[in-house]
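One structure below.
Should a chain be cited, it is by its letter among A, B and C, assigned in written order, with residues numbered from 1 in that chain.
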């Protein structure tokens, strides 16, 4: 949806350098922009591309303004400003209100008139779906789920049972929310399944990535607070509690009953054991394993980085001889060399 | 489904302290229980909550009986006893027998009269489905699959082809069983796909988590024995064989043709390379990598735990200087200091 | 589909030892083969099984010919030759051309007459589907996707939006291609979603595993070149570019904007951070973390292997005392012992 630079500047509180009547119709990277495109510069790594961009305008920091060969929208937070403008230029495709004839909606479900239920979607017993919420093709919204206004559940996602989504939350394709947690009691005859009777409470403005799983609580609910962002293929186990505005990159696993604070960030493939507590404002590095409580904000790490296999093999061999090395030092200390 | 304490005690062989006519109607945690709730104490960590619980009754060990302010059901294995009682109080929601009109069932499929096929589910050629087995909405049961009695396939799960499920086995939403294994032969013109013609044999009383994948065998079958429990987002590659009652936590990957014994346990994000053998009664710690045969029962580990990034960075730097440190010790040993 | 050894030898350029009129009707492992089966020997580990096989014929290297008690098809690359022969013996089950009555196809979609759209599949706006391409049950092909000829999209896979598949590419069940990348800008009011407007371009002869996710580009496209093989449960983030014929084992994560060269191989659970570049012909070991550019072909590693937990714990303790050990060596060097 094309918009003028003047309108964008005014709506999002940016200073404009350039013609307010110039119209942009799409976003583009600095390198690939054409004359109808809005681009942005938010990272130093891309600054060299600024001089040669053919964008109509660039969203950038005050300090970069003098480098811009184009019109500019100046913001102290150019990435966030760009994000908001991009949403104007590229609104989501509209979904027709109403229930597609191929969808199956249980008679006990209550749907807002302007909700949209896509082809072959299935809505279960006692489900409630709010205004402007969209359930895409093939998605399943099981018994006792409640979706607030303006949510989006993408194609083939599954909200198994007793999942509540706050307003404007998004569930991507293939995500499974509310499946049984991994509750097993050992007995003489093998594992006994522990019934998982809790639900999942997801706050407002949450985004849940493709093929991520968030299990229902064993007894009480699993809780995801407002504004949390979870990437693809993450595992949030039963009774985990994630604080507001925490961001979790792909393939992170958080085991049962663990409590994560607000505004934390997890890099990809990190793991957290069960039953621990992580305070607010903690950053966990990629593939790190958190195995006990974290009580102090800051960054926590615990993985090595890959190097040439020969060198790595030598390092591991030295690591395995550490005990012997310490013995030799002890001997030297005793004058035994 | 409410039940009296007397009936629960008698059915599950527990000693009852308290009024056998007291009726409980749901389970609850010690902290959040009300007077109609059954709770349990199986872990020392929750013992402090026992004194203040308002539960109607608590399932607990003989040693905790004197601490209980409530009625108590005494068991040497309170977690398993609780699990069985919870299944009485919270039976799964009933599914209507028969085929939902929106489901598509191939004419060659044989379904028990009391099987339940949900909305928009698809049942393929030559499929056989046993008594009381439930296939939920949008699930796919492909050609030549055989589901024994009382199985549950949850919404949007896929049994691609030639998957046999033993009695009472459960497949959670989004799980994919029987997809092609990763078989590729390098040739001068790039990778050649190796046809994957085996199936998947799953025993009785197995549970397979949400978005987990179990590939079909390349030639012979992939095998999951009775009573195995697999959590979400696990990968079981082609021709893996998992022994009975092994439990596998989330995000564990087991590569092709590996054989895992009985009663093993894998913590989250562990990995096992292909073509190795792990004996019975092995425990593998979180994010550990098993790269060769394990012939002795016990616990195996191989990951570090996260710490403050600055300290971790220093440790890694020291690790990288290990060769130099060893050289210095060697020099000292030669009297060269 | 049975075939004679003579026909197989001639079609795939193998030397035949044995009766060209012998017919084989299926593949089997050396250990489990019967007299109608074709088997193969491509790995030294299985050579001991050759002497006792009851296969009708074995595909093998010239050097193994004299060990074969059976007919033999001799190839310098027996695994690739076997793969091609297996595809003759075990062709994929045919799918009826046309659109199943339960499928939902948008009126703006253009489908080849001989394309096959399975039960309850959904095809969106402006989709184009080529000749002989099969979309299986419950799969979703969203707006603006283009599938070339002879592709296969398996049951319950989701091509969310703007995904182009080259000829003969295969998407396994549960895979999600084209979902929004993880783009979030921090602002005073929390995370702002960055619209993800790029698409995904997948080349020809690509295979994408079950429950793998490949996100759409943020602005430009995510690109998977020809002949790439990706196993199950992998994460390919927005704007990643994977070079031709690279093979990626299960549970590998590649973060945003990273560029991977041609003919690379990633073992399971490896991870690559965002915005780095990996040259052609790189092998990354299991669970290794690539955190910076790799400019030289070769093998890169970075993970430890599991050992008995007691020994591992001692190693970690020594690792944590490395600073103290270095101090002691320094003291010795100063003559302070």
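Basically, a contact is a pair of C-beta atoms (placed from the backbone, for glycine too) under 8 Å apart; a residue touches a chain by one contact, two chains touch by 3 or more.
Predicted model only: the values in this text are computed from it and were never measured.
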{"item": "Classification of the chain A:chain C interface as same or different, half of numbers criterion", "value": "different"}
{"item": "C-alpha-based rotation, chain B on chain C, 0 to 180 degrees, nearest 5", "value": "120"}
{"item": "Chain A and chain C, separation of their C-alpha mean positions in angstrom", "value": "25"}
{"item": "For chain C, residues contacting two or more additional chains", "value": "102, 120, 138, 156, 174, 211, 233, 251, 269, 287, 303-304, 319, 322, 325, 329, 332"}
{"item": "Chain A-facing residues of chain C, complex", "value": "102, 104, 120, 122, 124-125, 138, 140, 142-143, 156-158, 160, 174-176, 179-180, 182-187, 190-195, 197, 211, 213, 215, 219-220, 233, 235, 237, 251, 253, 255, 269-271, 273, 275, 283-285, 287-292, 296, 298-304, 314-315, 318-319, 321-322, 325, 328-329, 332, 337"}
{"item": "Chain B contact footprint on chain C (complex, rising order)", "value": "26-29, 32, 42, 45, 77, 79-80, 82-84, 86-87, 89-90, 93, 100, 102, 118-120, 136-138, 154-156, 170, 172-174, 205, 207, 209-211, 226-227, 229, 231-233, 244-245, 247, 249-251, 267-269, 286-287, 303-309, 312-313, 316, 319-320, 322-323, 325-326, 329, 332-335"}
